[in-house]
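Below are structures written as structure tokens.
Two complexes follow with chain A in common, the first pairing it with chain B and the second with chain C.
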Partner chain A sequence: MLGISGIRRQRYQTAAAFLLPAAIGIILFAILPIAQAVRISFFDYSLLNPEQIPVGLENYDRAFKDPVFQVALKNTLLYTVLLVTFQTAAALGLALLLKQQVRGLAFFRSAFFIPVVTSLVVISTVWKLMYNSQGFINGVLRTASLSPQPFLSSVDQALLSLVAMSVWKDVGFYMLIFLAGLQAIPLELYESAAIDGASRLQSFGRITLPLLRRPSVFVVVVGTISAFKVFTPVYLMTDGGPAESTMVIVFYIFRSAFRYFQMGYASAMSVVLLVIVLVLTLVQFRLLRTTVEY
Partner chain B sequence: MVLKPPTRILAGLVTLLVLTLAVPTLVRHTALAQQRLTLRFWMSADPQLEAAIDELLRGYTRANPNVTVQRDAFPFNEYHQKIATASAAGDPPDVFWMDVRTAAFAAQGTLLVLDKYLTPQNKGDILESGLIEPVWKSHIYGVPMHELTEGLFVNRAMFEEAGIKIPQRVEEAWTWDEFVTNARRLTRRTGDRTDVWGFGVLRHLSDWSILPVIVQNNGAVLSSDMKKATGSLNSPAVVEAMKWYQDLFTRHRVIAIDPLPDGFPTGKIAIFQAPSTYRAVLDRRFPDFKYAVVPMFKGKRCAVTAGGWNVSIAARTKNPDAAWSLVDWLTREKHADWVRTSGYLPVRKSLIQKERQFRQYPWDIFATQLQNCAIHRPHTAAYNFFFDTFLAVAKDIALGRDVQRTLDDASSRLDVALSRGVGR
Partner chain C sequence: MDAPDHGQAIAGREQPVLHVSGLSRQLLQRAAGQGLLYLTLGGLAAVFLVPYLWMIMSSVKPAVEIFKYVYPVSWRTFIPEIFTLDSYRELFQLVPFPFSRYLLNSVFVATSVTVLSLIVNALAAYAFAKLEFPGSGVLFGIFLATMIVPFEVLAIPMYIQVRSLGWVNTYQALIIPFVANPLGIFLLRQFFQEIPRELEEAARIDGCSYFGAFRRVVLPNSVPALVAFALIRFQASWDAFIWPLIAAPAAEKRVIQVAIASFVTEVQTRWDLTFAASTMATVPIVVIFLILQRYYVQGVIMSGLKG
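And then the complex of A and B:
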């Protein structure tokens, strides 16, 4: 017969056996590549040549002095702030609307979710055509007697145009997260508030928002990480221009590594990006921490 | 007949010399003929060109039954990246297409030096313009498949309607002013909307298409040693040329900011700058469309970009001799077949001499420009950086950004990249 410690050991062994396949995958395909990137960041290394010359912190020094990297950092931050703000607000708004018992609810839920499951490459290509000077959006503007807009050709509008497309693409996914959060809030809380004379706005501010804190953390953290990694729309729609107004970090890392073959420098920038995302995520977890349960 | 002793000695020496020269070749060919081996061949993706290459490869494997060729093709945008990552993984293709980026790959030891394979006779048959891109630091790393250059394609119906004469000889090329006048006359607008653009470019805003404008104004993008952009790219001659180009977008408004796919054959563009291979595309996809080829416009001098695909061998190949036999098959033995099916221009003098069509309209426009006005993109190991920088510059200038400031900024960045070199 097994003692308590024996049962505990057996449980640990079972858990370890279940965790092992995932752990091997994570170690092989995430941790080791990250460790390798960190190592390469201290070398002068071309993709075309196996020779690696140690350069210490030179690649990091270069990154912080590189004006393009600074522009890319600034653009990525701006893109992230705009995207997460608009995306979270739009997703919450849509979730509140779709929580109501309106006709055709299933249709609207599916319609908002279709862009989420559509390839980003396809969406980027279609939106690029829509933003064209002779494209669909300018056609609508002309029909409404409004002046056509340059969108992706404008230094002031290009990044905003990418944000608009990205919000449209992902809002359905975050809407579902909020919708699940809203449906989990007990109706009794609203009924009690109503009996106490609370208005709908007060109920929203005092009940809905605090109890949506957990889904909000998920939406903001996942949205931020995803925004920091933006690449496909920039690659397909703007190539980082005009005048580097849409140059973002991952696109610059890609260019440095696979077009200019500067693997050491690209790895250093990747490590900087990793640290930034890590710090931001920890800060967000801390700020959005909640003790409210229901 | 009895030979005298000195004659016998001489005959013996000649025989020995012949054997010395012939035996290694025979041994190599015999060894190649006996070994069973596989060559991997990579090219840029294009359905028409892939079919043409496959035909040549079938001929090669019939002539060399012991060799199997595995062909792969990748879209141009990711083609060089594929070769780079395959090289980094230690598994590059044996034989592959390479272009102006030869310098970047050769500088890192990725390509095999072909000096010992390319005989003086073989090399002497290639046009001088074809021997610029595959050469790096006096060594040859590729053999050209063909040549490529540009011209202007014009919509015959629109020109007839506007009563504009279509020049058919290089000497009759439009000056910048004549070109702008014609492009403006052909542009049609309804209110804000442009129904027909006077001008369009297939390789929109790329260095390939804009370099001629700069050189036509006696400008240069980099210093002659290709180590500096400041003083060249931001020189008065280049600024003046780029201001003229900017005016096409902003003042004359004869060209659209965004490229119009198939805008030329569908009547949305009247004059279209495109490579010589565009004829094959038009003839295949728009057989009823009536067009004419006219020479590239000229400034203070004539200039038109030339270049094309060369065939290179990976430095790591295990079968260099077999790889060379494939390169030679594609670039020399079957050059005429390739040119006929691909729509590219010949790069071999013997073929140009032999085939009359290349001395007749419209081929003669491209061939004459190639011989008298050909220029090349910067042959530097940092070409990819130059390409991206120039594209961004061209886009910004087309959008109306200050030309001098844009070129100054780009020159500073290029100086840093050129001094650092590729991969560093």
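And then the complex of A and C:
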């Protein structure tokens, strides 16, 4: 028979064995690359020339003086603000619509959710053709006697067109989060508010919105982080153009690293992106820590 | 003690029912409201579904017909004049590789990631959920913290690492880095913790090892969580784009997303082929999702609200 300490040792050994594969994976493909990204950012390192020359903060200095990086930061910020605003409002709207004891709820929920499970490559591709001058959207506009629009080929419209497509793709996901949040609100609250003579608008403002705080924070912060990392639509639909009007951070990093092979410079910009995402995550933790009790 | 209040409130609420005209006006308003609600929902559903209809229907038209009926929009925009599977046929005869090659690459990569991910992360989740050991909290915290770092930041060092291993344009470059998954460990640990300790202890007393208890008691009792996680992993791997674009751009190892992207970024986009390829990349996933929707939605909400 095993003694108490023997049983414990056996348990520790089992735990170690069970954790080993995951731990190796996380060390090799998450922890080491993070360290490596920070290290490379202090070097002049091109894939074409394996020599690594230490340059201190030069890559960071260059990033903040680089007009294209500034444009990329500005565009990413604009894209994020627009996307998060529209997508949060639309997701809440859809969730409220579906909360009205709708018949065929499963059908509508699935319809709104299908773009979430469609790959971004397919969606970007199909929307590129929809936005085309001979595409579906211009067909609809002309059928309705409206003037056709240039969409992706216009400096003024390209970024907005990407925002519209992204709202369409992701709104179903955030709608589910709001729907789960709405279903968690006890019905008695609305009943007693109605008894006290509150109008529907009043109960929305005084009950629904405050109790949706947690899902709202989640939707805004997760939406913001994911918007900051936008890449695929830009790569497939606009290539950063026209005239850099859709140049965003991750696309610029990708271009610097894998088209111009400037690994050190691209890593420095990656570290800037990492800092932005870390700050946003901290904000999320802060805001989610306080919970509202019913 | 609040019975009188309650009675009063009910009387107050029923008051309008006493006036017949008020009642019918209310009914009318309700009907109009319902009509408006379904009109809105129907319109919105169309906004979400019409692009799919256009994609699928255009994939079974001859190339010239795709443009012919875009304006004015009518039923002809969708229903083909001549139904043809030519674009699919051409896709499967592409040189140097037929489209089936890219499809199989994707199926192989996504299946491998899903299966390996289930094993590795379920084992780790079990250790965190059921096997108390010193430092468990700290280690779990470190695992979760790596989730915050966006993949886009890791892409460059990972590429350098994969290159030094000689893994560029190999399947392992597309599979191995995505096996260990902190989100999966987190989700499965939550689920495993809910399984009553007694069930597992009974198995242990019957002579099961820890692994035996894990396999015979914990796994069979966690099917919904395992299915949800498998779906999330499969979809993430199927949809992955930036990494395969960097790590495996060569035609023979190309996955379906990179193949579709290459159609669009080439000088001249073949609309017919693009629609057919997009349809093939989308329809299987959407069908799986519709069948397993219950688990999937559960998984999304779990990862959303608790993550």
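The rule is simple: the second predicted complex is superposed on the first by the 256 of 294 C-alpha atoms of A that agree within 3 Å, B and C clash if a C-alpha of one lies under 4 Å from a C-alpha of the other, contacts with A are read in each partner's own complex, and residues count from 1 in each chain.
The rule we apply is simple: a contact is a pair of C-beta atoms (placed from the backbone, for glycine too) under 8 Å apart; a residue touches a chain by one contact, two chains touch by 3 or more.
For clarity, every value in this text was computed on a predicted model and none was experimentally measured.
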Contacts of A:231 with chain B and chain C, given as first, second, both or neither: second
Contacts of A:134 with chain B and chain C, given as first, second, both or neither: both
Which superposed partner A:258 touches (first chain B, second chain C, both, neither): both
Partner chain in contact with A:70 - chain B first, chain C second, else both or neither: neither
Winner by number of chain A residues touched, once chain B and chain C are compared: C
Partner chain(s) touched by A:281 [first = chain B, second = chain C, both, neither]: second
Partner chain(s) touched by A:270 [first = chain B, second = chain C, both, neither]: second
Chain B versus chain C as contact partner of A:142, first or second or both or neither: both
Partner chain(s) touched by A:202 [first = chain B, second = chain C, both, neither]: neither
Touching partner for A:122 - first (chain B), second (chain C), both, neither: second
Common ground on chain A, meaning residues reached by chain C in one complex and by chain B in the other: 47, 134, 142, 258, 263
Footprint of chain A on chain B - complex, ascending: 81, 84-85, 87-88, 90, 104-105, 108-110, 192-193, 256-258, 260, 382, 384-385, 388, 391-392, 395-396, 399, 401, 413, 417, 422-424
Complex contacts: residues of chain A adjacent to chain C: 10-12, 14-16, 18-19, 21-26, 28-34, 36-37, 40, 47, 94, 97, 100, 102, 107-108, 110-115, 117-122, 124-130, 134-136, 138-140, 142-143, 168, 172-173, 176-177, 180-181, 194-195, 214-215, 218, 222, 225, 229, 231-232, 235-236, 250, 253-254, 257-258, 263, 266-267, 270-271, 273-274, 277-278, 281
Residue ranges of chain A touching chain B (in the complex, touch as defined): 44-50, 68, 132-134, 142, 147-148, 150, 153-155, 239-244, 255, 258-263
Residues of chain C touching chain A in the complex: 9, 12-13, 37-38, 40-41, 44-45, 47-52, 54-55, 67, 70-73, 77, 119-121, 123-124, 126-128, 131-134, 136, 139, 142-143, 146, 148-150, 152-161, 163, 176-180, 182, 185, 209-211, 235, 238-239, 241-242, 245-246, 257, 260-261, 263-265, 269, 271, 274-275, 278, 281-282, 285-286, 289-290, 293, 296-297, 300-301, 304-305
